[in-house]
Amino acid sequence: MSEATRYERGLAKLVEIYGDRGRQLIASLQDIAPDLGRYVVEFAFGDIHCRQQLDLRSREIATIAALTALGTAGTQLRAHILAGLHVGCTEQEIVEVIMQMALYAGFPAALNGIQAAREAFAENASKR
Amino acid sequence: MSEATRYERGLAKLVEIYGDRGRQLIASLQDIAPDLGRYVVEFAFGDIHCRQQLDLRSREIATIAALTALGTAGTQLRAHILAGLHVGCTEQEIVEVIMQMALYAGFPAALNGIQAAREAFAENASKR
Amino acid sequence: MSEATRYERGLAKLVEIYGDRGRQLIASLQDIAPDLGRYVVEFAFGDIHCRQQLDLRSREIATIAALTALGTAGTQLRAHILAGLHVGCTEQEIVEVIMQMALYAGFPAALNGIQAAREAFAENASKR
Amino acid sequence: MSEATRYERGLAKLVEIYGDRGRQLIASLQDIAPDLGRYVVEFAFGDIHCRQQLDLRSREIATIAALTALGTAGTQLRAHILAGLHVGCTEQEIVEVIMQMALYAGFPAALNGIQAAREAFAENASKR
Amino acid sequence: MSEATRYERGLAKLVEIYGDRGRQLIASLQDIAPDLGRYVVEFAFGDIHCRQQLDLRSREIATIAALTALGTAGTQLRAHILAGLHVGCTEQEIVEVIMQMALYAGFPAALNGIQAAREAFAENASKR
Amino acid sequence: MSEATRYERGLAKLVEIYGDRGRQLIASLQDIAPDLGRYVVEFAFGDIHCRQQLDLRSREIATIAALTALGTAGTQLRAHILAGLHVGCTEQEIVEVIMQMALYAGFPAALNGIQAAREAFAENASKR
């Protein structure tokens, strides 16, 4: 597959999962690190997220869990909570995933994850 | 609910998810930190994993993702990969979850997660 | 012990350590993840912090050290610095614990911990 | 070498690398943890950064990479990006180092590192 | 204070806390990074651990908590558990500190910390 | 550029940096996660490490620093220390980079990094 195809396929998947927010992320990198934006599209979305071996809902559950546990990527966690809602997770399911991280990364990680969920849920509600 | 009930409910859930390996973990703590074992049973399994708001398969996907991303808990990651197989994840799905962590925690985390999966899959195969 | 007793015991311990700030944390979770608040009360405070085998001052020193080293939980670090003052640590002792983390987690962790201490000390002073 | 000499040597190196921003960091610690500031000068700069076995440009590349990967020290990352520019790295080289961290610590770490670079580059431009 | 004095003071403190194990750590670095060993003696022990503002028992509680929470330094965690015993912590107190980390860094961190304690306690028993 | 070209370019770069060890890594993934090996070749080496904006020596310094600081990827750290030697870093320079991480990630991270260097240097010496 050519790079052009990977980019196009990745951008379509990015927009399917994130909506316009996805385009904005890529656009925001144009002035400083445009190739990082291109790799996000080509590799993260054109390669990984286009794989058929796992459904998008499970992929977002995995990402929300990992980012909650790491605790170093609040912006990205909020984006993936919105993506989770977009691909079919309920708010309650997302809260459960985050709460469960208290077991594996401690209560502060879960509490900060819940705060990210609160902000993402509010953003989602304001767009409907 | 009384503590006895939480413990019994938690132990049943622990064995449902982990099989005998779960009992062994708790037994291994008796000589040094028996209460930590009790909290694992009561809180992690009697409280969190008994919650109905998320299915066990999604819970294991979340845990496998988080432990792969954190990269500090190889023993527990192997245990949860076995648990994932036990509650209905396929080997391919587990590999996908771990591969995806390359995006969120880097390639070394994913490569070490795959090594944990290799060991867990072998242990699982040897028990059938 | 029944769940009601654990909750009551935990809430009393939470207020002993944190004062009203503890109640506010639990209240703030009511709209989105009330059970996470309940687990904080029952497990973190009703189970762990009620244990007699270690004094509260040592428990707060341990928590301040860990949260400074992890570097991912600024809100919780400030809360535990206030709790440390509340259970008898001096400001100087807390600064020492945080400074020592330069050895085990690096200077940025210690510098960010000191910034959290500055904010917590100011909040504490404003309440007297 | 006496402590006075280490302090003087360290302060000179700190100012060589950071300019006035270095003095401000040390001054900002005077009211709460002056000895932490002294150790930064004596040990971090008087001992480590004065070592001749590695050039300052390589040292800043190493630090920018590490702080981007850790993801817990935004303030210090911005300071070291400015220091990197100060000791001869180009903006493009710094962007490359940060982008490369997508491989070793994941895309969120790289994206947050790029955001730190954007802010540091702007601060640097405003001072010229 | 001259460097010689810091080194001597640090070495005495290192041996006070760690016994011969401390000397072995420094000796083990002679062939590859002798200056790192020197900095451990001078800065970690000659500067930080000689400070009077916090007792050694509290310092070891802080370090055991931090290393358990970080989960990346098993060798050092075992050494500090031995040091904790050496400066007056009981085995039970050390187990409590580690168990408490389940709250702040998750159960896998606590379980791995308990395993380190088991090994350190056995080493300590074999030396008596 | 087509995928075939990215793969070929990436494999050539992988072997340039790692020698046969690089081929072995990819081969070791064939039975369980062959696509992860393909992404390492295509994205990590065909995309990132082929970029001209930063020299390979600086890239390895960045990676050694990051993996030392993270402390969760011993296998990969050893591989990158060998790669660093391969692209022109001296043993002394690598030791300096690792020592410097004591400042940014703490002494345990630096000490464990030095242990990785010891093993990598021995492996390198045995192959000459």
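First chain written, first letter: the chains are A, B, C, D, E and F, and each begins at residue 1.
Keep this in mind: a residue touches a chain if its C-beta (ideal position, glycine included) is under 8 Å from a C-beta of that chain, and two chains touch if they have at least 3 such contacts.
Remember, it's a predicted structure, so these values are computed and weren't measured experimentally.
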Chains contacting each of chain A and chain F, listed by label: B, C, D, E
Per Cα centroids, the chain farthest from chain C: F
Pair with more cross-chain C-beta pairs in contact, given D-F and E-F: D-F
Selected from C-F, D-E or B-E, interface repeating A-F by over half of its contact pairs: D-E
Furthest chain, CA centroid comparison against chain E: A
Numbering shared by both copies at the chain E-chain A contact, with half separating same from different: same
Whole-Å separation of chain centres (CA-atom averages), chain C against chain E: 24
Separation of mean Cα positions, chain D and chain B [Å, integer]: 40
Separation of mean Cα positions, chain D and chain C [Å, integer]: 31
Distance from the mean Cα position of chain C to that of chain B, given in whole angstrom: 28
In chain B, residues with contacts to at least two other chains: 35, 39, 43-44, 48, 51, 67, 69-70, 72-73, 76, 95, 99, 101-105, 107-109
Arrangement of touching chains [line / ring / star / complete / other]: complete
Residues of chain F that touch chain D when the two form their complex: 43-44, 48, 51, 53-54, 58-59, 61-70, 73, 76, 92-93, 95-97, 99-105
Touching residues on chain C, where the partner in the complex is chain D: 70-72, 95, 98-99, 102, 107-112, 114, 117-118, 121
Chain E - residues contacting chain A, complex: 69, 101-109
Residue ranges of chain D touching chain E (in the complex, touch as defined): 1-3, 6, 35, 39, 43, 47-48, 51
Chain D partner contacts - residues on chain A that touch it in the complex: 25, 29, 32-33, 35-36, 39-40, 44, 67, 70, 72-73, 75-76
